[in-house]
Structure formats: structure tokens, C-alpha cells
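In what comes next, chain A is part of two complexes: it sits with chain B in the first one and with chain C in the second one.
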Partner chain A sequence: MMENKLIAGLAGVALVLLFNAPQSACANAPTPEQILQRVDANMVFESAISKTSMTITNRRGRTTSIISKSWSKGEKNALVEYLAPARNKGTKMLMLDDELYTYSPAADRIIQISGHLLRQSVSGSDLSYEDMMENDALLEVYDAVLDSEEVWDGRNCFVLALKAKKMEIAYPSRKVWIDSERYLPLKEERYAKSGKLLKKIEIRDLVRTQNRWYPREIFFKDMLSNGQGTIYRIEEIQFGVDIPEHLLTKAALRR
Partner chain B sequence: MVLLQLALKNIMGAKLRTWLNIFVLAMSFILIVWGKAIVVGMGDQIIDAMKDVELGYGGQLWHPDYDEEDPLTINDAHGSIPDELVPGIEAGQIVPILMATGNIYPEGKVRSVLIRGISPDQQILDLPSSVLKDRKGVDYPALIGKRMARKNNLAVGDMVTVRWRDTNGVFDAREVEIVHIMNTVVYTVDVGQIWFPLETLQKMLVMPNEATIIALGKDTGIAGDLTGWTYKSLDDLLANVLELLRMKNGGGNIMYGIMFSIALLAIFDTQVLSIFRRKKEIGTLMALGLTRNKVIGLFTLEGSLHGALAFILGGILGFPFFRYFAVKGYAMPIEGDEYGFALGNVIYAKYGADLLIGTTLLLMATVVLVSYLPTRRISKMTPTNALRGR
Partner chain C sequence: MFKFLVKGLIRDRHRSLLPIIVVALGVLITVYTYTYMKGVFGESLEIAAIFDSGDVKITSRAYYAEKDEAPNDLALENTGDLLGQIRKDFPELAWSERIKFAGLVDAFDSDRVTRAQSGVRGVAIDLLGSDSSDRDRWQLETAVTEGRAPENPREILITQKLAERMKINVGEEVTLITNTINGAMSAVNLTVSGTVYFGVGFMDRDLILADLKDIRWILDMEGWTSELLGFFDLPAYDDEIATALADDFNLKHADSSDDPYGAVMNTMLDDSGMREYFNYAENAGSIVIIIMITAMGVVLWNAGLMSGIRRYGEMGLRLAVGESKGHVYRSLLGESIAVGLVGTFFGTLLGLGLAFYLQEVGIDISGMMGDAEIPFPTILRAKINGMAFVIGVFPGVMSTFFGAALSGLAIYKRNTAALFKELES
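Showing the complex of A and B:
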């Protein structure tokens, strides 16, 4: 009798373990496309309002923090307003497709900058404007191959090798460590056409909000420079918010 | 002749006063000629250096989207090199240059650079582009200038990472080898720039047979737009520099004017004093039968002789000085590019015939005018009052 109870108990524990085990352990592991689809479901949004801080550490170890609020709609429309430091407060950047407009309250002028500025570093950080405003679905722009399964930072991960489907993608290849349970890229390496590692990204903290996992703190590192990297922290974020049309217009920059 | 002898005798009689006037005028003459010659020499050096190193002597063809004052246009400004230019390119008389923006990472520091591609076989620009040719075992040979090398602590043989984006916006990065460091006074081909063989850069950017600008040699016969390319004459290319030099020259003219005025004031003063003190003499000359105009002529001649003697003294004193600065040059405390000019740290004075004749004529004409103006009072004098010193 005791023996039957023990067997039933063990079977129960085994079932619980089986159903709670990471999916990577399953024989029916998702395909790379399915993995990317689920990553995109977490990372890509129609609209969002967020408050973020960016801490830049230079080669000498000096840090600068920029706090900003963003209103994003779709892949290529966003308004960013700097809240701190004081010297940048009120500065706004409006991205409409490939055009970038900046507004400085001190000069009270709106300056339109060509799309090339989107490739420049934001305030000396390891992020370009493109990186900061990236909201593209990975599945749309990359072909994925499951490279391996690894444990990263105590989490089981699918390691995907991504190759750009189109010629116009800034990083022609990437390697992404995707949490096999939460479907969030915990680590990413971005490569140049030559295969040289250009950028490393790590998600150091994440949050479960509005039915999706989303990064809370991301570390960006330009691998060619010996700077100490940039920490991008999402203090608050709200998805699916109705963003009025007039907010993403040039007229809104002066308000 | 009598008037001339009399005028000469009179001014020599004034002794020290005359020689002081002549000396001040001669010094003004020397400084004005020298200052102008330095500016002319500087302008010619800048223009020659730019033509030699950067522009070529036959103008340039620019891609219509290229705007040298807007770096954001560079990556979009590229087009196929016209077929009709191929023979000139092969002969080294037409030089296509491709440009793109990028970054280098010397010692892990990120710096923006303008990446340029040039044919190693070109012969019209005074750039050591041949050092980029046939570098065995070096896939990405790079040429930089001494200012770029100094700022980024780079030396020949160093490897440095260069990052750029190709025509599709795709990132690429390579280790390149610095194969030569050029010494040029034209900082616009040096500061923040890195040069590669044209074909290498065309491959790097995925822009086969394309260029951003095309420099033309003297006798290419091209003096107008080609399909997809806008012709820029040397006057167009040098317009900003010439304007800047004109402005500098204008500023200099104010200084020369002040200097010259001081010397002329001395002559004017001397003339006024002479007429005041020599009223009895004027009356005597009139009583002896000299007309008023002849007396005015005598006094004007006396004043003008200051100018003539100053010119002779200026020539004697100035010649070794002028020659020294024409041969040895004027060494500036800092290099010319600190002022925004393609100039080394030595300026050679250039004395053209127009400068010497122009300055001499101007000096003589104003001396005659300044000598004449005070003498108009003589026309109102009566011989009787003049004899009594009134």
C-alpha cells in the first residue's frame, strides 16, 4: 500500500516536472520561425508610451544619464522628449519614417536631419537612433537557424543564427540567445558583413506586463570601442495606448 | 629746371625735418609693399597647393547630390563614371574619387572619418597615391595625413579598425593597415580622412565603377556638364577661398591706409608750416616775377620730392628686406591650417610688377595731392601782404 502511494506520488511529481519543464527539453521544439514569431509577439508593438533612462559610461568611467519619455506608433514613428539632464530638458526628437526632426527649446528651432543621422550615436552612447527606435519584426527581416541550446544567466535559451533576408538590413547577421520559456532575447550579438562582431546586447532585467515579457534593462556595448557600454532602462511602459495623430507631427515639437 | 633745383635746395635746407618725413614715408612704403606681397604670396601659395593636391588644374565633375559643405549628402552622392572618361582615367589625367563616411577606432576610441578612394595610378594630384598600389599581403592598405596620424596616434604599419556602411546601409568593418603617412599643407585632404585604392573602396561600398567627384587634368577638353555629372570650374571650386582672401586683403588695406595716412599727415603738416613760415619768401618770389601758379608749383614740387626721395630710400632700405622674405619666407608661429588655410608655416612674399608699380603710383599721387592741397592758400596771397609776412 505504502509502495503504491510512493509510486503514485513519484508519478505525480514526474508529471508536474514534465509539464513545467522548459520547452527546449521537449522533443517537439518549436521551429526557428515559431521562436521568432513568439519573440516578435513580445517585442513588437503597435503603439507604446514609455519612460526610459540611458546611462552612458565613457572610457574614463564617467557616467551621464539621460531620462526621456517616448511615444511610439508602428515601426517608424516616434516622439522622444528629454526630461533630464537639465541642459537637455525639453529637447525633442521626432522620427517620421526616415526623417528625423529635432527641436531645441533654447534655440526654439526645428531642424530636419537626413536619414543618415539615424545611424549616428545618440549622445555619445553605444546606441544609434536606429537602435533606439528599432521596432521591426525579426521574422520579417531575418531567416533563422537554430544553432544550439545553451544556458545563459541561469535560463535555458535557444541560440538562433539570423541572416538578413534583404540587402538593406543594417546588421546582415545576428546571433540571439532567446529564453526558451519567456521568448525574450536575453543576449544578442550583431555582426558586420565581414563577420566582425560590432555590438553586444544583454537584457539584464525584464518585466511581465500586459501579457508579454519585455526588457526592463538592456546593456548595449559597441565592441569596436573600449567604452564601458550604455545601460538603457525602461522605467515605465504602456502598450496599446491610443496616441493622438497630432502628437506625431512637427507642430507638436514646439508644444 | 630752376624750380626743381630751388625745391631741392629748399627741402635739403630743412635738414632733419625733411629726412624724418622721408624716412617715415619710406618705412610706410616698405611696410605696405611687404604686407601686400605677403598677402599675395599667401594667396598664391594656398591656391597653388589646392590645385596641386586637391582640385587638379582642369576643374572637377561632381555628382549632382554632392555638397561639400553638407557631410550628410556624401553617402548618397555617387554615380557611375561616364564611359567617355575611361581613356583619360587610364592615362592618369582624370581622377575619380569616391567618398563615404565611416568611423575608425584607434586605441578603442571612436572617431568619425571621411573615407576616400583614389586610383593609385593617378598623375594629376600631388598625393602619394602610388603607395596604395600592389601591396602584397595587405588587403586594405590605407593612406593618411600627418595631422590625422598625430591626432589618432597612428604610425606606418599600424592596424586600425574602420567601420562603414555600404550602399545598402549594411554595416561592415575591417582591420586596415596604415601603409604611408603623407605630409601635405592641404589639411582638407588630411584631417579626419583615410584614403584607400579606388577599386578597394568601390568593393567595400558595393559601388562598382562609381565615384563622388572626378578631378580633371589640364588638357582633358572637358568644360561642361556630362550626363549625371555637374562641371565645376576652378573659379567655382576656389570661390570660397578667393572670397576669404579678398576679405583678409580688405582688412589689411585698412591697416595700410592708417599707416600711409600717418606719413601723409607729416608731409601735409610740413607743407602747412612751410607756407606759414615762408610768407616773406613767397612775397619776394612773387615780387621777382614768379606767378602764383609757379610758386604753388614750387611748393608742390618740394612736397612731392619727399615722396620721390622716400621711394628711392625705400628701395635702398627695402631691397634686402624684400629679398629675404621672398627667398627665406615669413615663418608663422603656427601652421596655416590653424587659420583655416591650406598653408604651411612659411609664407613667401611675392612682389609682382603690378604690386610695385601700383603702390608706387598710389604713393606718389597721394603725396603730390597732399603737397598741393595746403599750397592753395598761396593763390589768395598778395605780394605786398606776403612781403610783410601776412
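Showing the complex of A and C:
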């Protein structure tokens, strides 16, 4: 009886091992959804205050640096204030849900950026206003397929092909090289509906802060412009800070 | 002899009236068409020169390659030195600095909230400088329909149509939203000092006219100029002179030919792409004359044939009494010259009268211009010059002569032996 139980038990273990063995191997390689989930865990935050610099090189090879401070709350609310150069100082941009406003101190006007203006460059950089507004978690917006595994810049990467779940999105498809250890996109190509490459992005430096990996320096290249690219550098960032409600309002733009 | 022929023409109106009417009508059309073409073509070229190209234009090579986009980031840098040099090298020209730009004009209410917005294109010229040549060139004194030309910094002129569409009043502040040459958004409040109407379709739609210094500041272009326009002190554009000047300038600046931001000079015809148009305008007189001689010649040939049938008996009698065929033929040619001269006189008189009306009053075609982007006047006007007084002589006299020469050939086909038999019948 005991023997039978033992045999039965061993057989059961063997069966369990037999059927679970391949499943365990699959579990080591995360699914595309799991990869995006872990990327979003790094990139998406509740709130943050950051100081950034944007170095823009135009087609004449001249560079301009813009320094700004940002206050972000959730995925849809953020305020950016330009600190330098002097010509742009005091210019503010406010994102409230799906609306974007800019405040120009020279004109003392709050102007809503909408329609085709959203596709225009932010301060001559390779980023458009649409790029600035796209802060949704990738998993919410895209369906992902694991394309391949490659080594990029000495790091093992999952290469994901992303396809937009909804039509009204700036980039209907993307190809993303995600660091398989740190779960940060190291390289990205963003495409139009026609398949035309619109933008190339590379994370050139990253930092480990407050239990997450986060980009420190990102290179943007608008493939439709003649400029030589924009380097976006996060000089300082603090996650999980308390941001007063009144700061993220239109009224605060004039203050 | 000629006097005798003229008397015959006067006494026998059947012989002269129709040909004179035909010639007069033809000459009228010739004179009218010639003055119309000269007026419209000439004005188009003048518009292109004043508002867009100058007689010659200096830009950077890179800017010229993309000139339709007005890429101000590719403009000429530190143009002060270049301007000083060209004023020294080419003193026969007046020089004007220009910056073209595009943007949005945003009209706002008392709460500073947008109430109307429109895309505009702008031109910056020296409106406030001590040299008033740009103001004179743009004829601002007459073009301003309401208010006045800018007298202070941050004042602009907008077209009457734009003001009406956006309900902007003179003296009102509007925000100009545009991009600096670095691509950054630039929003600046400007005061509308007046409205303008130039009578040129593409200029009268959504244009703002601003001072060069203001726009340099707004676009972050201190010391930069997109276009340097040169104007000759000539009554009309002279392509030969302009081409020679451009060649001379480009030769002097050949050492920078590899530099995309080096200066290059182009003539108005090359810059505006109006060379074919110009050649057409230059040959307008010849084209009209050839068309009219051919058309009227055919009509008068036909009239001559008809007259030959009517005067069949007369010709027969003249030949029968011993007049030679050559003499009869020559008398017909003499008659045709007399008819041609008389018809030309009346035709020129009427043609010049109509042309004068068209020159002074013009035909308003603004409703037909739509969104045309060509430098074409909205009021078509003729231009009477010295040639207009004599141009009718060529088709007037030549077509009657040609018509008579062709129809008169029938005289040589008459059989002299059968003349009396024909007369008897």
C-alpha cells in the first residue's frame, strides 16, 4: 500500500516535473506584456520634480541650451518653466489632461496649443508637443510582440514591436530595444501609420534612483527635420514629492 | 494719281466703307491688346520687383535653394558689412533689407483670451529708419486705407481683408505667434497702426507688414537678413543690366562658392521664375501685330474678292479701254494703302481712347483671383506708350495691302479677248 502510494507519489512528482519543466523555462523569459509592465514601473511615476537641460543642434551646427524645471503629477498633469536662456526665461507650459497651454511672459498671454501646432517642435528641438504629452503607460496604449533579442551598446535587449491599440496616437507603431536586466528602453524607433520612420531615440546614460532605473540622458532625432538632434538631460529628479494642486492650474501660469 | 484714287474711294463708299471699318476695328483691337498686354505684364513685373524680388536679390546659397519656404535660419549673417560693400560696389542701385516670415495673428479680448486667430505671412522692411525709400517703394501713403503707417516700434500694418475677417480695429493690440530661427515659439504683442490695400491679390489677403528691427528681435535674428533687394533707377526692369550685375557680383564672391551660407545674387527673372513670362511680355507687340495682320489680311482678302466681284464690270471696262493689268493692279494696291491709312487713323484713335479708359479706370478682377499666389494686379490697367500710337500702322496698312494684293491677282486671270463679250452680256 505504502509502496503503491510511493510509486504513485513518484509518478505524480515525475508528471509534475515533466509537465512543468517547459513552463518553468518559459517563465524565465518574460512575456512582452510583462516586459512593458516592468518598463512602465521604471518610467511611470505618481509625481516628480525635475530639472532638465535640452541641448539643440540646428542644421547650421549651432547649439542652444534650454534649462527648465518641471513639476509632474500622474501621467496627465505637468508644468514646465524655462529658466534659461534669458530670452526664454519665464516661459511656461502646462499640461492639463489632454490640453496643453503655453504662457509667454513677453506677451502676457496663455495660448492653447492644439491641432497641427501639437506636431510642431518644442523650442526648435527634435521633440514635438505631442511627444511631451505622450506620457501614458506603454502597456495601456500599445500591443507588444517580442521581435528578437539583441545586444545593443553592450547590453542584452528585448526588441519589442509595438502596435497602437487606438487610432488617435502620434506614433501608431514603435520598435523598442529594452535592457533585459534594467527594463529601460535603450533605443527606440517611432513610425508613422505609413511605416515612415519619424523619430529615433537613444538613452545614452541612466541612473538608479529611488529603487528604479531612470534615463539621465536621451538623444532625440526627428527624422523629418534637418537639425542634428537634441540631447535631453535630466540634471536632477525627485520622485514621489508632494505637488500643490494650485501649481497645476492655468491661473498659476501667470504667477 | 493717289488723289484720284482717294476721290474714287470717297465717292464710291461701297469700295471703301467696309474695308475701312474692318481695318479700323482691327487696328482698334491691336492698339487695345498691345496697351493691355504692356500694362498687365509691366505691372506684374513691377509687382514682383517691389514686393518680392527687387531687380536683383542677394541671399545665402542655402536660403536660395529653399527660398519658397523662407528658411530664415539659413539667412545671411552680419549683413552690415555686406551692405556697406555692395553700396560701395554698386552705387547705381538702391538696396533694401527684407525678412519674410509666417505665423499666427491672435486677437484677444479684455480677459486676454483668444477671440480670433489666423495664419498670416509677414514681410519686414525698414519702416522706421531715416531712409524712407522702402515706405515710398511700397507706396504706403496711398496703400494705407485706415489709420497710419507705423511710426513707433512694435507697430504693424495688416491688410484690410485680414482686419475685416478677424474684426481687428486700428489701434488694437494683437499677439504675433511665430518661431524664432532656432525654432522656439515666440509670442509678442504688436499694435495695429493701420490697414493696407495694395491691389495685388496675394498681398492683400493675409499679410502683415512690420519693421525690420522688431522682426529681427522677435525671430532672434539680430544682425541677420534673409534677402537684400537691389533696385535700379530705371523706368522698367532691364534683364541685360541685371544679369551683368549678378554675374559681376557672383564672380567677386566666387571664393565662397562652396559655402552654403555665402552670398549669391540672382536677377528678378531667375528669382521669381518669370523669365518666360518676361520674354512673352517683351514680344507682346510682335505677337499682337502678327496675329492681327494674319486675321485682318484674311478678312480683307475676302473683302477684296467680294469687291472684285462687285467691280468685275469696272475692271473689265478699264482693261477693255486699254488700261494695263499692271496699272489696274497697282491702282488697287494704292487704294488699299489709302484705305489702310484712313482705317488705321480711326482705329488708333478709338483704340487709344479705350486704352486710356483702361489705363485710368481699369478692370477689377479681384473676385476672379481666388487664392492665386502669383504677382498679378487685381485691377487690370493698360499702359499707353509711344509705340501704341504707331503700332496700328503695321497691321492696318499691311493687311489691306496684303488683302488687295491677293484678291487683285484675279485681274491677271481676265481674258482680254472676252472682255467686250462679257460687257455685252
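What we mean here is this: the second predicted complex is superposed on the first by the 223 of 255 C-alpha atoms of A that agree within 3 Å, B and C clash if a C-alpha of one lies under 4 Å from a C-alpha of the other, contacts with A are read in each partner's own complex, and residues count from 1 in each chain.
Heads up, the rule we're going with is that a residue touches a chain if its C-beta (ideal position, glycine included) is under 8 Å from a C-beta of that chain, and two chains touch if they have at least 3 such contacts.
Being a predicted model, the structure only gives us computed values, none of them experimental.
K.L.:
Looking at the overlay on chain A, is there a clash between chain B and chain C, or do the two fit?
P.N.:
Aligned through their shared chain, the two binders clash on chain A.
K.L.:
Have a look at where A:210 lands relative to chain B and chain C in the superposition and call it first, second, both or neither.
P.N.:
neither
K.L.:
Which partner does A:88 reach: the first (chain B), the second (chain C), both, or neither?
P.N.:
Second partner only.
K.L.:
Quick check for you: in the superposed arrangement, does A:34 touch first (chain B), second (chain C), both or neither?
P.N.:
In the superposition, A:34 touches no partner, neither chain B nor chain C.
K.L.:
Touching A:148 in the superposition: chain B (first), chain C (second), both, neither?
P.N.:
neither
K.L.:
Quick check on the superposed pair: does A:238 touch chain B, chain C, both, or neither? Answer first, second, both or neither.
P.N.:
Once the two structures are laid over each other on A, A:238 reaches no partner at all.
K.L.:
Once the structures are superposed on A, label A:59 by its partner contacts, choosing first (chain B), second (chain C), both or neither.
P.N.:
The answer is both, since A:59 touches chain B and chain C.
K.L.:
Looking at A:108, would you say it contacts chain B, chain C, both, or neither? Reply first, second, both or neither.
P.N.:
In the superposition, A:108 touches chain C alone.
K.L.:
Once both complexes are aligned on A, which of 207-215, 333-341 or 369-377 in chain B overlaps with chain C?
P.N.:
333-341
K.L.:
Residues on chain A in contact with chain B in one complex and with chain C in the other?
P.N.:
59, 121, 227
K.L.:
Using the touch rule from the top, collect the residues of chain A that touch chain C in their complex.
P.N.:
Interface residues on the chain A side: 56, 58-60, 64, 66, 87-88, 91, 102, 104, 106-112, 120-121, 123-125, 227.
K.L.:
Which residues of chain C touch chain A in their complex?
P.N.:
Residues in contact with chain A: 73-74, 106, 108, 112, 114, 175, 177, 179-180, 182-189, 220, 261.
K.L.:
What part of chain B is in contact with chain A in the complex they form?
P.N.:
Going by the criterion above, the answer is residues 72-73, 75, 101, 103, 105, 107-110, 161, 163, 165-166, 168-174.
K.L.:
Hey, which residues of chain A end up touching chain B in the complex?
P.N.:
Result: residues 59, 113-114, 116-117, 119, 121, 164, 167-172, 190, 192-194, 196, 198, 222, 224-227 of chain A touch chain B.
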